[in-house]
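Should a chain be cited, it is by its letter among A, B, C and D, assigned in written order, with residues numbered from 1 in that chain.
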Amino acid sequence: MIDPSWIVGLGVILFGIGLLGTFYHKNAIVVLMCIELMLNSANLNFVAGAMYYSDVNGWVFTAIAIAIAAAEVAIGLAILLSMYSTQETISLEDANILRN
Amino acid sequence: MNSLNDIPLDILIPEVIMTIGMLMMIVIPNLGDAKIRLPLTRTHIPVLIGGTRFSLVSNPVIPSIIAIITFASASLMSLVMLLENKTATAPPIIEINQFTSLFSMIFTFALLLTSISAFYRLPSKSDAKIPNDKDTTASKNSKITILMNNRRQVDFYILLLMVGLGMCLVAKSTHLFMLFVCLELASLSSYVLVGFHKESQIGGEAGTKYFIVGSVASAIGIYGMSLLYLWNGNLEIASLTNAWQNMDSLDPFAGIGMGLMLVAFGFKVGAAPFHLATPDAYSGASSPVAGLLATASKAMGFVAMMRILLIITMPESGEEAYWMFALAIISVITMTWGNLAALTSDNPKRMLAYSSVAHAGYMMAALSAIGTGLGDFESNTLILTAIIFHLTILVLFKFGAFMVLTLIENEGSSHTISGLNGLVRRDPIIALSMFIFMLSLAGVPPLSGFLSKLLMINGIINLSAGTGSITSVAVFTWITSVNMIFWLAIAIVINSAISLFYYLRIGLIMFFEDPITDDPLDRAIYLRLTIVLCALLTLLCGIGPLSESLLGIVNEAAQSFLLVR
Amino acid sequence: MGQNKHEYPLIYPLIPLLLIVPIMKYALGMDSFDAAFLIILVPLLVFPTILLIGQIYNKNIMWKEKYKEGGVLALGALGVSLYVAIWILFDYLSENQQFSHHTVVEWFQWITFDFLQSDYTIHPETRIIGVGIWIDSISLMILFVATFLCFLICWFSMGYMNTDPINEDRNHRFYAEFVLFSMGMFGMVLADSFLWLFIFWEIMGLCSYLLIGFYYWKVSAAYAAKKAFLTTRVGDVFLMVGLLILYDIYGSLSFEVIFDDPSTGVAGALVESNQLFWALLLLFVGAVGKSAQFPLHVWLPDAMEGPTPVSALIHAATMVNAGLYLVARMVPFVDVHHNGLAGLEELGIIIAYIGGITAFMAASIAFVQNDIKKVLAYSTMSQLAYIFTGLGVALWFYNTGHHHAATIAFGASMFHLFNHAMAKGMLFMASGSVIHEVHHAHDHIHKGQNNNNFDPQDMRNMGGLASKMPITATAMMFGSMSIIGVPLIGGFWSKEGIIAETWKAALEEEPLMFLPAILILATAGMTGFYMSRMWLMTFAGEPKSDVIDHVHESTPWIREPLLILTIITAIGGFILSLFGIIDFLASETDHLKMHGGIISSVLDTLEHAFLPNDMNTRLIGWITIFLSFIIGPIMAARIHGGNLKEGEKANPLIGWLVSLSSKFGSQDVSELSNSQMSKALQNRLYFDDMYEYIISKSIIPFANLSAWFDRTIIDGMIKQIESKAVLGSLQIRRVTTGSARDYILMAAVGTLSIFILIWGMGS
Amino acid sequence: MSLDVLTIITITPIFTGLILLLMPQILPKEISSNLVKVTRNISMGIALGIFVIATMLFFGFIGDIDWTNIMQGNYVLKNDPFSLISSIGVQWKVGTDALSFPMIWLTTLLIPISMLVEWDAKRGHLFHPLLLIMEGALLGVFVSLDLFVFYVFWELTLIPMFLLILVWGGNDRKYAAMKFFIYTFTASVFMLIGILIMYFHTNPISGLGSMTGHHFDLVEMVAQENLIPSEGLRHFVWILLLVGFATKMPSVPVHTWLPDAHVQAPTAGSMLLAGVMLKMGAYGFLRIAVTLFPESTIVFIPLLIFLGMASLVYGAWVCMGQTNLKRMVAYSSVSHMGLIFLGIATMQPLGIAGALFMMFAHGIISPLLFAVAGAFKHHYHTLEIGSMRGIAHHSPYLSGHMMLGWMASLGLPLMAGFVAEVAILIAFWMEFGWLVMLPALTLVITATYYLTSMQRTIFESDDPHHGILPDTLNGEQPRDITWHENTGMFILGLLTILFGIFPFIFWDMMSSWSTGFVTETLVEAMQNKDTWNSNIDWLMEVLK
């Protein structure tokens, strides 16, 4: 059995990578992936908590969070697609008609 | 554990109505004469789904009518529940009291307004034709637009219903995870709504930005929540509250988790510096959606925020909440940023977005006043009343302004302020209503915006003015001895003064610039009526019996919210 | 112009007004002083009447012909005032009346208020500032002078103003303002408190402004009007502060309260002489402004821009006398015999100095004036300065306890006021007559085209008018004689007293008085010169321009006032002296009556005048007579005298005088008149230039600076806030770059700072 | 709710105004285009009716009130208060006394006159109803005894005035209107904070403030002992209130909104602005700041004197540097308003009565000034001093009114302004001695700028039969002023003189009120405050 604190530590690292990635990368898809990383780090925490507290809720939270992430990705890709169809870019840097 | 039977469905009437509405939205437009042949027979049994649609339901107006009816009845039922003081709990996830009913009413009412405006913003025409080769490009395009609008009616209103469902449940959840899930439901649907006009460049872009930033914020929030889970092992609000109060010193998991959740909700309410995507989203979205974001979505964020700040992390009376200082600073930054940025905005929607940022700042200032722990239950209730009252009437005048913009938007552009040029000459009543909305936003008496702002300043002063040294004989000794929360009141006042500039500028433009076109505005009769109704309510809620009763309701709601602890 | 003889019937409708006094006296049983309100009220009501009717019926023939554009109404109003004034005068003088030393009638309470004492209790008595009238010998005399002269000048104006085409359709304004002006003077004289004195005083200031600026289109007139108002306003402000001090001392401004016992102030407190001194000094500054004394004299010569009747009104009948009246009212404060305060000698000395300096200065400037009205203006200044000197001396005497000397000086000063007013009123009207006729003649010749800049007021264009205008010439002669102080005529009887008493003070008591004494003595001689010069330049010698041949004394309404005033000037002084006017004016007696028989009084009076017991006085008297009567006129005759043109004949008296003037030889003064001194005098000793310079270098730049400061600094700060806000707005909007990455970055930074804030504050 | 007259005169104009405003929008076009005349007649009728009511109140025909005998702290014509927002203690409570009644009368007087002066205003169907709303708002400020309602009316006056400037103003009206609104609004929100602090120190009254336990009732606040316990806070609140009131008055250095607003405002607008709106500041200051915090007032007397002097003297100097007629008149208002502070600073019944009378007198004179300036602008299309000369020829009536107004404003006796000036100066001398030279000498400056402006407008045409016409007339001959302008100015001029000769008509009630005010409110504070005298000594020290 792995000590939950390792899991939490991994979660922190993942979260950090994800967060840094969100504003480091231009490509919206990559950013989306980074967000997934962040969500997964939260999932890791839930898992760790569930293990630590032996609480079944934690697993449920994880499952639902994954569902949310899936929905998010679905919606996100759809929106990105619609942007791509009009602006022909998915770079977050270049899409700046709306500003100031 | 609880079984489904323990959840009394009659207290979830608004949600049930909305669910039914959703089902109807899916079913009714698809009713047709489709028949299914019984296998091996020649009997065709009508299944009613699919096939050539009945002429009655093939009308593209149907979804919007369903939405309007749904929201109207949900709103009405919320009101009824509110007036009946219906309270119930379904531990651990749902609780119903006046507070939740009030907010369901706010949300559903805002959504009702959204649907009414969208009825004209996304016009559906039953006589849509397919473009053929003879058409010119322009007429081809318009035909395509009409077709497209007809086709996506259902999508739009279903998304609206989902937003409504999510929001109403946010207000009712007593479980943090439940709250978050519902919040995500509302948020995700609203991302789509923002980017709904995918044929336009800005629609897609606004959707993308709002989605990306929002997702990051919710990811942060979920992460924060997971930290809380690690800390407590239970995400029920009551349990968290209990744990928080029994905590000797601030646990880093708890502290950081709460802080991160605050960020997520801060994004929802549009607090600086998490608000940056808001103006882009508002200006990219259609006006009804922007109005929805500015009122209901913000209110939802505040509900969540209040749950965290005022229920979970609120210390015993007399102690200062750990977030007080941070929130106070953020509130000042938020209101100043919002007002300053709105000052020179040429896009009315952006301007309104910034203004809603500023309003968030005011409300956060009031929240942080509760955080000082100076007040007793009474005075905390008063401040909370002010905030809830503000959120309530904000639906009237902020949405009112967006409804006026909807009218303008229909004829082309609401992206520059010149769209409002000379509105008074084209349509005096609409212009007058807009002026009333602007004045109310600015907080000019006797409009309701003034009353709410007054109540907020009131609450802050109530808490802080007593803290100054009683024995001081000079102004300066008093000033140095007063709690710093007092200066929040001054900050609000100065910010209101700055905000006058841009609110009045709208008035100026409506009254004095020459209109770009002399054509009358859209007829949009129900929208007009709604606008005028909103203006009237804005006026009536400022002073007199209506404001009195509204205040009473809000006050009870605030009490019921705070009594949870 | 034209058919003049038929104009007198116009005033027939006014005749029923004569019934007013009998009706009031017998039918209503009123006392004269109860009717005094009419003196003020009637003009006050007639003022708007004329103005309104005039404005509405302007250019109406009937209004023009029958009412002389309001002249008749004005005349009626002033007639009523005069009539009631005379009634009061008679009542006062007749012995069977209830008049005590003075009389007060309270009309209404203007304002009432309570007073918080220094122990934080309200004074039990409510203080009242009321309105009423106060009559004593001084006010009666001045009231008579004012009503009488106003009436006559109004009469004169109907000839002077209505025949000048330039005034057509504007005369109603003139008459209305004229009446209001008169009302101001009457009110001021009758006022029973210093406050109301001040109020009417200011009304006069307003009217002088309006009347001096009557020819509104003339830049010089507008300027002069403004100058007059502002200069007097400077004095008035000080006067007002003086009133405030007085009020603080006595808790009231009414004469009755103050004069009852000037040494005790409010609630029986003893008055500090120092404080009172400042109060009176400030009052005097006001008087200086109003009576055009150095250094606030600059407005008076410019005031000649108004029509001539206005000059007469301001200089003789009304405004300038106000200052004298105010100073005369100071007597009870300093009269140590009647509860006055000791220790106010400096006040008298200051007044005398101001008087002396002004007298000399004005007389010297008058030497070089060529404008007939300007000469008269400076003569007014100079003569008023005489009176001021006399009053100063009187105040000094009163304060040092020399009661008898004080009475004489005071009485003489007041009497000089009377004489001067009569003479000067007449002189101005006479000069008006001259100007008017010369102007007409010029118009007649040049058909109304004034292309050669002919100035009908310039004496260098006149000469030899004695034969053309006999009545005017005679009147002017007597007027000048009165001003000069020719023995037995008018001003002689008063001027002697002033000079003698000043010298007495200087010689016997106070060496400081020497300067005013010497100055006014010198001025006596100078008066002789410049008045003679004026008369001679105008009437004697050969005509200096072609228009003189066409001059006729034909305008109606002009001669009567001249005649009446000639008689009064010629013999009035002597007769009133016979009746002991000086004692009467000094409030020593309540009645005018001769002591003993006619012959003995005449002899007494003459002896008193020419051979007084006191050696010093006698010496001074004769020196004065010598200087003013012999030296001055002869010098003038040597320069300007000369016979009339061949064939012109004047009436015997004037003819003799003209021929006499040619007997002293002639003297060329062109060198002198080109000297620096003369230039300086012609430029009024550069006072105007200096004031102008100071104002243009101090007040106007400072005002512009203030305006700039307000616009740029105070309002600029607001604008800065605004522009800075806009700048800040643009800056802060740039943070919203449009790039979602930046938004996330900002959010992350925000998250971090939240934690820093939370834990930073927590630790 | 019983039928009380103050409520009626406040509510009627607002509602009729609103109805008249909205009527043309609702009715069909054919009817509404003919409505202008009807609208203005109705407006005028209502305004006159209210004026008649106010006058009858004054003479005692209604209510039978002895105006000179209202004790301080008592109010007449009180209504039966009923709550508007009872949960926070807002109620409709009205009443008047000798402090507010002259202002009420003045308002009811000025509204019909300003309607008359701009009888032919463009878009009259909006103009006159707006004035009616204005009237209601102004009256509301003066009658309300509930600070919340007071504040609401206080801000409500801004809106019609804002629109008046905006719609009917001059070329730079947008800037002026914005500045006016934002400037005064900003100041008054500070006042609002002051009011709220007071509000939270009120003791609960049964039936009011069910939610907060506090109330806005001014009368109760005055009656409450020791409303705010901390003296420092009292001073602070006093200063907050002062910020609001001084800006409205306006006092230097927060006066710069006034010239801009006036120059751009239509004639009727500036008449009301100068005539009544400025008085709201002084009224509020006396009614709230001084009444509730007499001790603070006494402590801050040097500040008051400084503000008053600054407004008076500096305002006059700035006046002299102006080239625009209306700007000059506007600054003269600043200058005259300074006298009010000086009058209050004396703490003498006479001084305070003088200040009250100043409010009243200035309320009659300054509309006259602005009516003249407005007519000048209207007929000669310019406001530059010196561009149009010789009005005396072209428009004798206008020049007459101008002369009268200017003279009244520079403090000529027998006109209303003089009474106030004399009263204030007497009281000022009694308290502060030689300091009075400053206001006194300012009278000369005042005279100078007024006379100079007259010299360059009425006089100096260089020709008896022509004026010097400004370029803005493009060579046309100027018209004489219209009958309605003439009548309006005439009435004002007449009243100026009437109250100059017979000031006791209103003076008596003001005087007895001030006596009561001093004895009831100030004396105790003065006794408590030894610093009163030491303050003055301190001031004297500084001046030496």
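Things to note:
In this text, contacts are C-beta pairs under 8 Å (C-beta built on N, C-alpha and C of every residue); 3 or more make two chains touch, one makes a residue touch a chain.
Fair warning: this is a prediction, and the values are worked out from it, not measured in the lab.
With centres taken as mean C-alpha coordinates, the chain found closest to the middle of all protein C-alpha atoms is D. In terms of the distance between Cα centroids, chain B is separated most widely from C.
Inter-chain spacing, taken between the CA centroids of chain B and chain D, is 43 Å.
If each chain is reduced to the centroid of its CA atoms, chain A and chain C end up 98 Å from each other. Inter-chain centre distance (chain A to chain D, centres taken as mean C-alpha positions): 64 Å.
Centre-to-centre spacing of chain B and chain C amounts to 81 Å, using the average Cα coordinate of each chain. In chain A, the residues that reach two or more other chains under the touch definition are 19, 22, 28, 31, 92, 95-99.
Residues of chain D found to touch two or more other chains are absent. In chain C, the residues that reach two or more other chains under the touch definition are 733, 736, 738, 740, 742, 744. Interfaces, counted as pairs of touching chains, are A-B, A-C, B-C, B-D, C-D. Across the complex, chain C meets chain B through its residues 722, 725-726, 728-730, 732-733, 735-736, 738, 740, 742-744, 746-747, 749-751, 754-755, 757-759, 761-762. Chain A contributes residues 4, 8, 11, 15, 18-19, 22, 28, 31-32, 35, 38-39, 41-46, 48-49, 52-53, 55, 57-58, 61, 64-65, 68, 71-72, 75-76, 78-80, 82-87, 90, 92, 95-99 to its touches with chain B in the complex.
For chain C in complex with chain D, the residues that touch the partner chain are 51, 55, 108-116, 120-122, 127, 166, 173, 195, 198-200, 202-203, 205-206, 209-210, 213, 215-219, 221-223, 225-226, 229-230, 233-234, 237-238, 240-241, 244-245, 247-248, 699-700, 702-710, 714-715, 718. Partner chain A is touched in their complex by these residues of chain C: 733-734, 736-742, 744-745, 748. Every residue of chain D that touches chain B in the complex is listed here, in rising order: 25, 83-88, 90, 151-152, 154-156, 158-159, 162-163, 166-167, 174, 177-178, 181-182, 185-186, 189-190, 192-193, 196-197, 199-201, 211-213, 229-233, 235-236, 239.
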